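Order as written gives the chain letters A, B and C; numbering starts at 1 within each chain.
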Amino acid sequence: MDGFMTTPNLNAERIKKSLEKGKRFDGRKLEEFRDITIEYDVSKKAEGSVKVKIGNTEVVVGIKMDVSAPYPDSLDKGNLIVSAELLPLSSQRFESGPPRIEAIELGRVIDRGIRESKFIKFDKLCIEPGEKVWTVFVDIYSINDDGNLLDAAGIGAVAALKAARIPKYDKEAGKVLYGELTKEKLPLEKDIPIVITSHKIGNKVIVDPTREEEDISETRLTIGSSNGNISSIQKGDSSALTIEETLNMIDLIEMVEREVFKKIEKFLK
Amino acid sequence: MEFKRPDGRKPDEFRKIKALVGIIPNADGSAMFQTGDTIAIAAVYGPKKMHPQHQQNPEKGTLRCNYNMLSFSVSERIKPGPSRRSQEISKITEWALEPSLMLDKYPNAVIDVFIHILQADAGTRCAGINAASIALAHAGIPMKGLVSSISVGKLDKTIVVDLTKSEEDWEEGEGATDIPISMTDDGKITHMQLDGNISTKQLKEAIELARKSCKKIYEVQKKALKETIKEE
Amino acid sequence: MTENKRLIVIPGEVVVSGAEYLPGEWTEKRGNDIVSLRHGLAEEANKLVKVIPLSGPYHPRRGNVVIGKVENITMNGWVVDICSIDNAFLSIMEVPKFVDKDALEEVMDFGDMVVGKIWNINRRGIDLSIKQRGFGRIDEGIIININPNKVPRIIGKEGSMIKLVKDETECNITVGQNGVIWIKGENIESELLAKEAILFIAEKSFISGLTEEINKWFGERKKQKGAKK
């Protein structure tokens, strides 16, 4: 049951009051994530695919690969293309049509999280310099929105990339033999990038908001980092942050990143 | 000598079927329907007020179906976004489901049905219609009954049910004829398409096979709806 | 079909067969068969067969108490979202005090929640009134949404179920027929406990012996609270 289009002011007041006391409606601490699960092989046709659940929030992410000419400014490197869709099936708030700004932003933030951390070794995705390189497509879809789609998508992207296997490539025919996967995994760094978003509500900061909490978030800060090294940041929504608030959020995310890594470690391939 | 299908099935044997209800908590109704390696999920939102206003129908509610395939549901990636094929199938799905719905109960309203294919091995529109029918019942839409859908066809000279992708691409002899059909539970056809090459006599045979098969699909759909309660 | 047994039926399913049966709510007669038109629980009493839906939107009815959210303010009143296909309208004439036509938002603003009664439904729309005592703008508390088909279960026979929850949590609870519920308690903890209890009842709504289950549930929660201290 979805209820009203946006969280009623009444609930918003209560949530804020509760947060001031350090409590959340579902009993979690401010810096605590809901339960995370990762399931593999959503689609056998993908080179890798996962379903990630954080509480009731669910996303699926699939990896497809293709061979094409490289970009002129990176003749010996493979490519990464990340796209995200907020499907109307996942919430009454999303409508059919071209991607909304939320979906576009989500895709780009996850893209930067992966790209800037140098997680994928693009030079190892070169088949023939100047002629043929692999392009890795990461496609993200929301299935049920109960807040924090962004972090769920980030976990999904990384888990799917780690599980993916490269398909056979017939050099002579110049064709990818989809359905025939080699045993070879994608060339990835050991340290995985994790994207965590923190939200400011009143004078408190939380992570992993439910949709109700997300509705009253005043501003958010998303940080992508791997093994403590920050490689991407996005501040979103329109309230301003003092420098002190910003630094506190950065510290919080650093701690939460370690906790989330522990939670998902057992699921990763 | 009996006709041998690539996966060993008999001509009138369909793939393993699985159905689940309530997989998307935010939706008013939702279901997953799987036939072999083809997996479809459907979510229903509505009835709710139709916007824009000029599209409202004062006599009855409007059913609006949206079918799409995930980019990684097939071997060669599909670029995200609607295609002509997905738009056609969306319309076919609306026509397949509408006769079973009592839309006059909801004038000026719209019922949105979103169908996505997670994994495709032929029969995707059928799996989508099966999932959507269950999801509509789960959403509490008043209906005369469910709609069940299956693809029947012909491989060379043999009439078969539930074709896989490799069977759709059959090239031996007379090749493949693919006939997706949807029927209400009281045996009326609400959707039928055909691609291939078949005689009238064999087409009638195929339709009869579809009728029998749809009854079995219906049992799976019914069971899934009844099980929503047991789980709770 | 025995009177005590409630059968889960799906649309198109034959509930019972026999010329003597009559088709009640959400059923229709086809020949000798009484067929369900909804996914729900079939009930038969005195040969009248009806189906109680398990899901589906709220059907506004005259006399229903509902809780809604102010979506829009017009010259003469407030448009209220009551989680139904159509919005309801609260005219300034249906407010028990004087309303300055130029300052409607001072009485109720966008996003405010209101408890009211549907006093009229016609082709023009659904009319809401807050003239009675206990109705009006909601000042504080929490709002939860449940499946409106479960409201009778939440309220219980002669209000017994909701009274149980009120007593155990010491909260004021107003249940809208449209599945929107307002909880106001001494503190947030008791409000959240009431919320949990109500969601639990809604989930288990179909089982028999629900009252016992709820009592057991409250007992266990109290023990947990005691253990925490």
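Operating definition for what follows: a residue touches a chain if its C-beta (ideal position, glycine included) is under 8 Å from a C-beta of that chain, and two chains touch if they have at least 3 such contacts.
Because the structure is predicted, anything quoted here is derived from the model rather than measured.
If the chains shown are joined wherever they touch, the resulting network links each chain directly to all the rest.
Set side by side, A-B and A-C show the greater C-beta contact count at A-B. Here the spacing of subunit A and subunit C, counted between their Cα centres, is 38 Å. Subunit A and subunit B, compared by their mean Cα positions, are separated by 32 Å.
With touch defined as above, residues shared between interfaces to two or more other chains in subunit B number as follows: 28, 48. For subunit A, the set of residues touching two or more other chains reads 1-2.
Across the assembly, subunit C contributes no residue that touches 2 or more other chains.
Across the complex, subunit C meets subunit A through its residues 69, 81, 83, 111-113, 138, 140-143, 145-147, 179-180, 188, 191-192.
The touching residues of subunit C, when paired with subunit B in their complex, are 8, 10-13, 26, 35, 37-40, 53-57, 85-87, 149, 203-204, 206.
On the subunit B side of its complex with subunit A, the touching residues are 24-28, 30, 37, 39, 41-43, 45, 48, 66, 70-77, 80-81, 112, 114, 116, 118-120. Of all residues in subunit A, only 1-2, 42-47, 49, 56, 58, 60, 62-64, 66, 83, 85, 87-92, 96, 98, 137, 139, 141, 143-146, 178-179 touch subunit B in the complex they form. Within the complex formed with subunit C, the subunit B residues making contact are 28-29, 46-49, 100, 102, 106, 108-109, 137-146, 184-186, 222, 225-226, 228-229, 232.
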